[in-house]
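Can you keep this structure in mind? I'll have questions shortly.
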């Protein structure tokens, strides 16, 4: 169980987030949509420990993470991807994936995920030699290798064609596992419906507003 | 006439913009509508020469592709960048003066303030304390002071509530009526009546057909 | 071998330790102007251990490395909140403070009728281990080169392990590193400590080779040279700093006739070189390109 | 009385450091770059002036003009070769190392111009005087006045002119300034030229007071300037002046109480403490925070 309670954040006197709360059960898949500039990225950065909220609490399985550094979030099982994908350009993909999977169990899972994704042929390539759809998959695999509690995807559709996005969605659905909760920040509604079971909309100064009929949050 | 001919922008393996062509005339508003990452900012930056691109940009009869933003500014093509991009540690007044000075203008900032009365009480405050709406007004005012023939406004409505949105539109319409050619980008842009002369939907770096 | 050549080569080998220690700090994304301090501390400790306590060279060098590492760890802990220029300047101050400590360190003793030990600004003379053990310059060169090769082997195996990749990630993109659960502080501290050990070890060898050391030898110019070698050589591989040392000391010694003008030429050349290869000669990009070419040939 | 005299002495020496710190702060505050060759530029200008003196025969005025022009030229050269090519954000280390290489180069050129260790530098002579029971060195009082005038001039330039506004905007956000059409690359050149003129003025004043030049003058200036800037708070012009004065005060008092040999240690100890306790320096805390806030935005 992962929860954000009453999160608030302001930059230079301007409230970007005001009293945002969110609870995720294991295996839950939530989509967050909203116009540019309403604070979706800020929310992801806070939820994954890269920004510290001005107010509110972050908890994972009754353990408080609020003031922990970002690496502690990652170690506790909160993984994320980045809007433009983020890799080191001076090491090959295989090495970087291995770095993320340090436990033997994670390594086995990683090997399996690589097989399923068809990334074997790209393992010895450097990230700037790999096409974007592959990199997106690789980034998800990197996040999933250690069986995280929550995986945050930050605009995974950016730069993908509809066809590539479909494939990416299928891959996600097949490999997320039962335990991992998923949060997708996205604006492509079709994609969101495909991989999530509820969608909330983030609105300026109003926080998360339920959207659609079968909302469970 | 500002004419874009087959503009392509690539960042490494990612093609942000794929052979996009567009004509903007003076005294019109053109809209490029698309979601985050669809290539809007890349297009505007390619026009002013801030990112490397392929293809040609014509201003009237002059080929102006791949020049510097400073050159384009002198030619009258002015960008209002995404996310306002104010100089946070400078005051509102100084941000405005910057707009005037880069274009070599000699006038005063008072004229521009007629359009933006809400900036008056903020003149001596550092720009980082401004709210989203105020910041957008300042960014527009700063661009206006550079005396544009063509104004490229990147996501001017981003993060604004209803009131400020209306105001941004009003200013763009006023500018258009004074003969400025305007290119606006945004996401799900909806306007009433005949505000917009040209509306393009962009997706994955290309314009979609229709509209 | 020519005595002169052997001593130039030995000097290059010893300075290589310093350059490698600067390299280790650069890998985790920081710049240090203070590696000369660990070099100096190592030199003093090794000298004391061998000349005063009569320890074997092995224990002497080990003590020097540990001493350098401890000082570096202390510096790392004190500057835990600093980065960039703030860190760089604090290392400079720390090094100057340590040098000042050495300037006032007096602990002389009579051994076999000779007064030895650190004697303030006069330094530490009569570090006679290589004489007592009848080492020729070439023997010592062999010893130093062997140590350097061992260090390189260690660094290369580190390079192949995830540790070095983690360190590069911390240095290049701390945000990415944190998202992978890597603790940047821990990496920084470990690498700064390791760099202290490498510098301290090199300093120990330096003391044994020179037989006389004094605080003035460990001024900031020494450290900046080490840093410059690492940057010029490039951060792609541990070979980079060695190349930097070779280019400066090696090439410049070979154009001795131009001695008076050599810095005018060389200083300009280095600045010019950096315009075209801002990441150094053996840049991370070059290394990755070479790796992939090698790989393609062997697939 | 001794205490007062020492403090006055400290402030006077400090004003010399303030001049050096100001040049450093100008470059660092605006460009976030460290120019290690700063002192070498000063040494070069002074050496050139002494070298040309018998040829030109202009006397003290010749020294004055050639020193300032020489330093400014060297500074501009350093900018073109070491800083302009590395203007990207991650180029700071490379630029610093390049400036180190040029330091070596300029040092060597200076020693070619002036082969002996010490050379007389006959600049202006300012009489010393007694103010009540306090001895005041005229030359250092003049430094103090020049430091104040320089900061006033810089203030007017930065805050009251068009160029100043462009410079400050570029310092605030180089990318935005570029996007909005400011010609950023030349601004770096202008800054270095300004810092060079200021540094040249400082070099002339300091060497006139000393009456001679040694090859160590370069290293000494770099250190004092850097430290004055760090104590006062990197990037703040007023901070650099105050930092210089504090540095002078600390040095003279430490020298008076603990003896001359402890002077430098106290200085370095102070800087180290300032850094680990107040990383932004005494005046620059705000700037440091905004910098780290900017980094925080993922």
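Which chain is which? They are A, B, C and D, in the order written, and residues in each are numbered from 1.
Criterion: a residue touches a chain if its C-beta (ideal position, glycine included) is under 8 Å from a C-beta of that chain, and two chains touch if they have at least 3 such contacts.
Quick caveat, the model's predicted, so the values are computed rather than measured.
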{"item": "Chain-contact steps, minimal, separating chain D from chain C", "value": "1"}
{"item": "By number of C-beta contact pairs, the top two chains", "value": "C-D"}
{"item": "Taking each chain's C-alpha mean as its centre, the one farthest from chain B", "value": "C"}
{"item": "Where chain B and chain D are represented by their mean Cα positions, the distance between them in whole Å", "value": "41"}
{"item": "Euclidean distance of C-alpha centroids - chain A vs chain B, Å", "value": "32"}
{"item": "Chain A and chain C: spacing of chain centres that average the CA atoms, whole Å", "value": "42"}
{"item": "Centroid distance [mean C-alpha coordinates] between chain D and chain A, Å", "value": "49"}
{"item": "In chain B, residues with contacts to at least two other chains", "value": "88"}
{"item": "Junction residues of chain A, two or more chains touched", "value": "50, 129"}
{"item": "Sites on chain C at which at least two other chains make contact", "value": "175"}
{"item": "Interface residues, chain C side, partner chain A - complex", "value": "162, 165-166, 168-169, 172-173, 175-184, 236, 284-285, 287-288, 291-292, 295, 299"}
{"item": "Chain C residues within the chain D interface of the complex", "value": "26, 31, 78-79, 81-82, 84-86, 88-90, 92-94, 96-97, 100, 103, 175, 221, 224, 227-228, 231-232, 260-264, 266-272, 274-275, 278-279"}
{"item": "Chain A-touching residues of chain B, taken from the complex the two chains share", "value": "12-14, 16, 35-37, 83, 88, 128-129, 131-132, 155, 158-161, 187-188, 204"}
{"item": "Interface residues, chain B side, partner chain D - complex", "value": "45, 48, 50, 68-70, 72-74, 78-79, 81, 85-90, 94-95, 97-99, 101-103, 142, 146"}
{"item": "Complex contacts: residues of chain A adjacent to chain C", "value": "48-50, 69-72, 74-75, 79-80, 82, 86-92, 95-96, 98-100, 102, 124-126, 129, 142, 146"}
